[in-house]
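Chain nomenclature is as follows: A, B, C and D, assigned in order of appearance, with residue numbering initiated at 1 for each chain independently.
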Amino acid sequence: MKIGFLGLGNMGGPMALNLLKAGHQLTVFDLSKSALETLAAAGATTAPSIGALAVSDVELVITMLPAAQHVKSVYLGEGGLLANIAAGIPLIDSSTIDPMSAREVAQAAANNGNRMIDAPVSGGTGGAAAGTLTFMVGGEKADFDAALPILQGMGKNIVHCGPSGNGQVVKVANNMLLAITMIGTAEAMNLGASLGMDPKVLAGIINTSSGRCWSSDTYNPYPGVMEGVPASREYSGGFGSDLMLKDLGLATEAAKQARQPVILGALAQQLYQTFSGQGKGNLDFSAIIQLYNGDLK
Amino acid sequence: MKIGFLGLGNMGGPMALNLLKAGHQLTVFDLSKSALETLAAAGATTAPSIGALAVSDVELVITMLPAAQHVKSVYLGEGGLLANIAAGIPLIDSSTIDPMSAREVAQAAANNGNRMIDAPVSGGTGGAAAGTLTFMVGGEKADFDAALPILQGMGKNIVHCGPSGNGQVVKVANNMLLAITMIGTAEAMNLGASLGMDPKVLAGIINTSSGRCWSSDTYNPYPGVMEGVPASREYSGGFGSDLMLKDLGLATEAAKQARQPVILGALAQQLYQTFSGQGKGNLDFSAIIQLYNGDLK
Amino acid sequence: MKIGFLGLGNMGGPMALNLLKAGHQLTVFDLSKSALETLAAAGATTAPSIGALAVSDVELVITMLPAAQHVKSVYLGEGGLLANIAAGIPLIDSSTIDPMSAREVAQAAANNGNRMIDAPVSGGTGGAAAGTLTFMVGGEKADFDAALPILQGMGKNIVHCGPSGNGQVVKVANNMLLAITMIGTAEAMNLGASLGMDPKVLAGIINTSSGRCWSSDTYNPYPGVMEGVPASREYSGGFGSDLMLKDLGLATEAAKQARQPVILGALAQQLYQTFSGQGKGNLDFSAIIQLYNGDLK
Amino acid sequence: MKIGFLGLGNMGGPMALNLLKAGHQLTVFDLSKSALETLAAAGATTAPSIGALAVSDVELVITMLPAAQHVKSVYLGEGGLLANIAAGIPLIDSSTIDPMSAREVAQAAANNGNRMIDAPVSGGTGGAAAGTLTFMVGGEKADFDAALPILQGMGKNIVHCGPSGNGQVVKVANNMLLAITMIGTAEAMNLGASLGMDPKVLAGIINTSSGRCWSSDTYNPYPGVMEGVPASREYSGGFGSDLMLKDLGLATEAAKQARQPVILGALAQQLYQTFSGQGKGNLDFSAIIQLYNGDLK
């Protein structure tokens, strides 16, 4: 299939490479020349502008951009996708943005004659490179079904979440809960350890009890409790604290728009902001435990 | 075995009955005459006072009391257990109290020549009646091993958590994390629903993702998402909000003594206090979701 | 002076009327016909569109709009102010919006040859009608000095806060602190009263001690403590809770952009959101005390 | 007057010295020999035990102790005050403890025939030395009146707060509000500064606006805004963060007993605990601003 791909950063770059490996023809665009060169070397055609990509012979366009402002600019701006692309060409936005913005852009696309789905991912740069991303998809079921074979070239777990914007809703709701359970696990582990518990024993009991959560049984933040998690390698790798902070910003923004309180969610955002202000935003998000116990290793 | 049992309330009463069923001889004491009569009718001997129970021919004493002040009074007071009991008789306290108090009493018992373990339970009145409680035990391994056959008469899952007080530590740490994940799940479910997600679909995706926790996959607070949980029966039954509030009070008290921050834990306590002030303390603790969505049913 | 005035709502309407009373000539625009008719009846000229207002003979334009999206649309949109107005005409935006948006629009105005100041107000609809508003002004000192006589027609306290956007900064910082002190006062008053203090005595002592704040000594939220405040009239009048909620949304948005934690500020926002969700958003913002004591009157 | 004084620490020592200067005869007790020697050198008689002090010819006893456990032990313990002192001798406890404990001890004193008032102080070691403390007094009005001349030997502002325990209530309510306004001021000042405001200008405007509070206009935490406050001398002197943490522990404990939510109060406690865990508990409590801006000076 002839696919246009816009946004070749840490996530978009390896995703596009996987589409090439899957046998698709790609026309790509990014502001970074080196990103374009990498894709060109792998066999992609490069477009000189968004508009040029839009009027090429692509049958589908995928975008992977940093924030809502970029998505709006790329889709809605003068010289942008919708101003140039032919009606009927389907659009997939894999950026993580707030649900309201996703729906606004999808509506504009629909008005332009282009069916659009939102398909944010989880799995990080590792998952992007390995082609094992999870896609949370919002949009019409028929559009989801049509996109499925393409998305399977980049990910393993592709989930239809409901109408337009719902992919973004699931992502922010899940990640907000993830941040809360991670901080909660950090507090419970530190409380227990400071009161004399062996951290491994404590985690073992919690993991078979009602406090059990992914943050405790799969990604425990306390150093030495589990092998192969960021906590066992000084919080390198994984999902960066500043990325979690960004997602919490989206969650509280969506909650504000929906007039829905998220009390622990908002506090989690502030704690990650405090942590980032200590210069630790590049550590894995489980490192938030250092807010509670210093630099215990 | 000849067992003394002090404290025959909603938990202690059925626990003592199960010990009788298991073939033990019981000498019991409580301030409530009707509680004593129930046990007497089932075959227990009643003692006229704590002191009288202590100097009877019991080979082991179990206590199940509401709070640390009662535990201290029963064990340390004039006319209390330690002032009367013979050295060498082992003691088991199944009350849920703060770890520091548990250690203080256990130390006094040791000074008196009595080995003592803390063995708080989870499982509620249903588990007490069915004999399926979980016991989290703090104390010497040898004392744990000795108590095991007795505890198995009242529970199914008996866990050794480490030295004296650690049973209490595990209980408060686990339940604090449980409160946090429950409130977090309530926020995430409401956020998603208010943004247009089908709650069942949302829960289904979260439960296979990184937001997964016991509160979402086993005890989901959103009405209609799961069968057989309090949320499906207007939050009746289960583990009362005011009991969770009590445990959060113990967790923050223990954290204060340990000089350990528990930021989300303290906020969870305040939210359950707010909820209790709305007259809803007798609802199951998953009803905290009503703080976010009114009385949605 | 010939002044253009855009936005004739609850605040803008009375502000424009005061400018007429002060002897200025007004050309006005609003989407509401009845608002236009009120101003026309008072002597203003009505413009059929933003563009028409911009190209009329106005020597200065003032805007008073609900949110940043409206400000951006009115100033930056096709058919908007900047696309139509002559270079050299000064611009005053009295809307309350986030500082970053204020600076973005002011920069666009400067690029267009128009000096612009941000001048958000406090004082509510009462102050707007009485001409006693406080203006917090961001922009060049010379532009502030030039605007001063005009602003004095609508307010009493006109403060220069520094460069462009700083009027908005002061407003969100002050109001965030106000929300925090109000909730803090509510908690302290309720805590004292629930422990047996006479609320008037408690307030009297706090107001001469280190807990003293405007929320306790001028606007006490506890019913019966002060005369002439919303708490003495069932929280009618005053500054609505939903308006405070809006300002807290701006404060946390500005903090997010500045990567600055505002932990209590974010929690205050969530508590006002919770309160609003109980259907109480139209009560004065001191009514937040009802989150703590029900409907005590 | 012949006064017994128990507890000669950082606060009690200078308070006792001031009573000597005021012409009273003192019999004193403390566990510290050097503290006793200091008072003896100044003319006090030293007692060998609490009991000995109680049965000496004292006409009044004042206590100044670190925490509720010490107060209970000194008053209620075997060999303590109540077990030894003659009926009719009035008692003044100036320790800062939770109101419930204060009332419990006062009731025991009343049962023993001794009228007792709680009279916690504010003003710190500086105020204790200078004799300028504020006393917040709970107890019968007649007992307050009788104690007034004595207290005036140690302080300047002596306030009757109502029945027994109310001195403690006022102290915890005021100091909880103080902590909240201090953290709120720190957040507002940092938010404004990070968005480009001159901190002095910002403080100046807030101090004449609705965000005004003692923490902003008398004790501003931002370095360089005010002269003569701890923020201008790297947070030395003043009221230590760990002392504020202790008072917040009392406030949340009192709130728990009263079943009253204190949401911001509990969060303030956790933030001071976090700050203390960073090794900064000995800095003035306004240094909490460093949680937000690092070590800005």
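Following the convention adopted for this analysis, a residue touches a chain if its C-beta (ideal position, glycine included) is under 8 Å from a C-beta of that chain, and two chains touch if they have at least 3 such contacts.
The shown structure was predicted, so the numbers you read here are calculated from the model rather than taken from an experiment.
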> Looking at subunit B with subunit C, do both copies bring the same residues to the contact (over half shared) or different ones?
Replying inline: same
> Measuring centre to centre, with centres taken as mean CA positions, what chain is farthest from subunit D?
Replying inline: A
>> Report the inter-centroid distance (CA atoms only) between subunit A and subunit C in whole Å.
In response: 37
> Where the centres are mean C-alpha positions, what is the separation of subunit A from subunit D, in Å?
Replying inline: 51
>> Taking the mean of the CA coordinates per chain, how far is subunit C from subunit D in Å?
In response: 40
> Which residues of subunit A are in contact with two or more other chains?
Replying inline: 255, 259-263, 267, 271, 274, 277, 291-292
> Which subunit D residues qualify as touching subunit C in the complex?
Replying inline: 99, 122, 134, 136, 157, 159, 161-163, 165-166, 169-170, 172-178, 180-181, 183-185, 187-192, 194-198, 201-202, 205-206, 208-216, 218-219, 251, 254-255, 258-265, 267-268, 271, 291-292
>> Looking at the complex, which residues from subunit A come into contact with subunit D?
In response: 267, 274, 277-278, 291-294
>> Give the list of subunit C residues in touch with subunit A in this complex.
In response: 249, 252-253, 255-256, 259-263, 266-267, 269-271, 273-274, 276-277
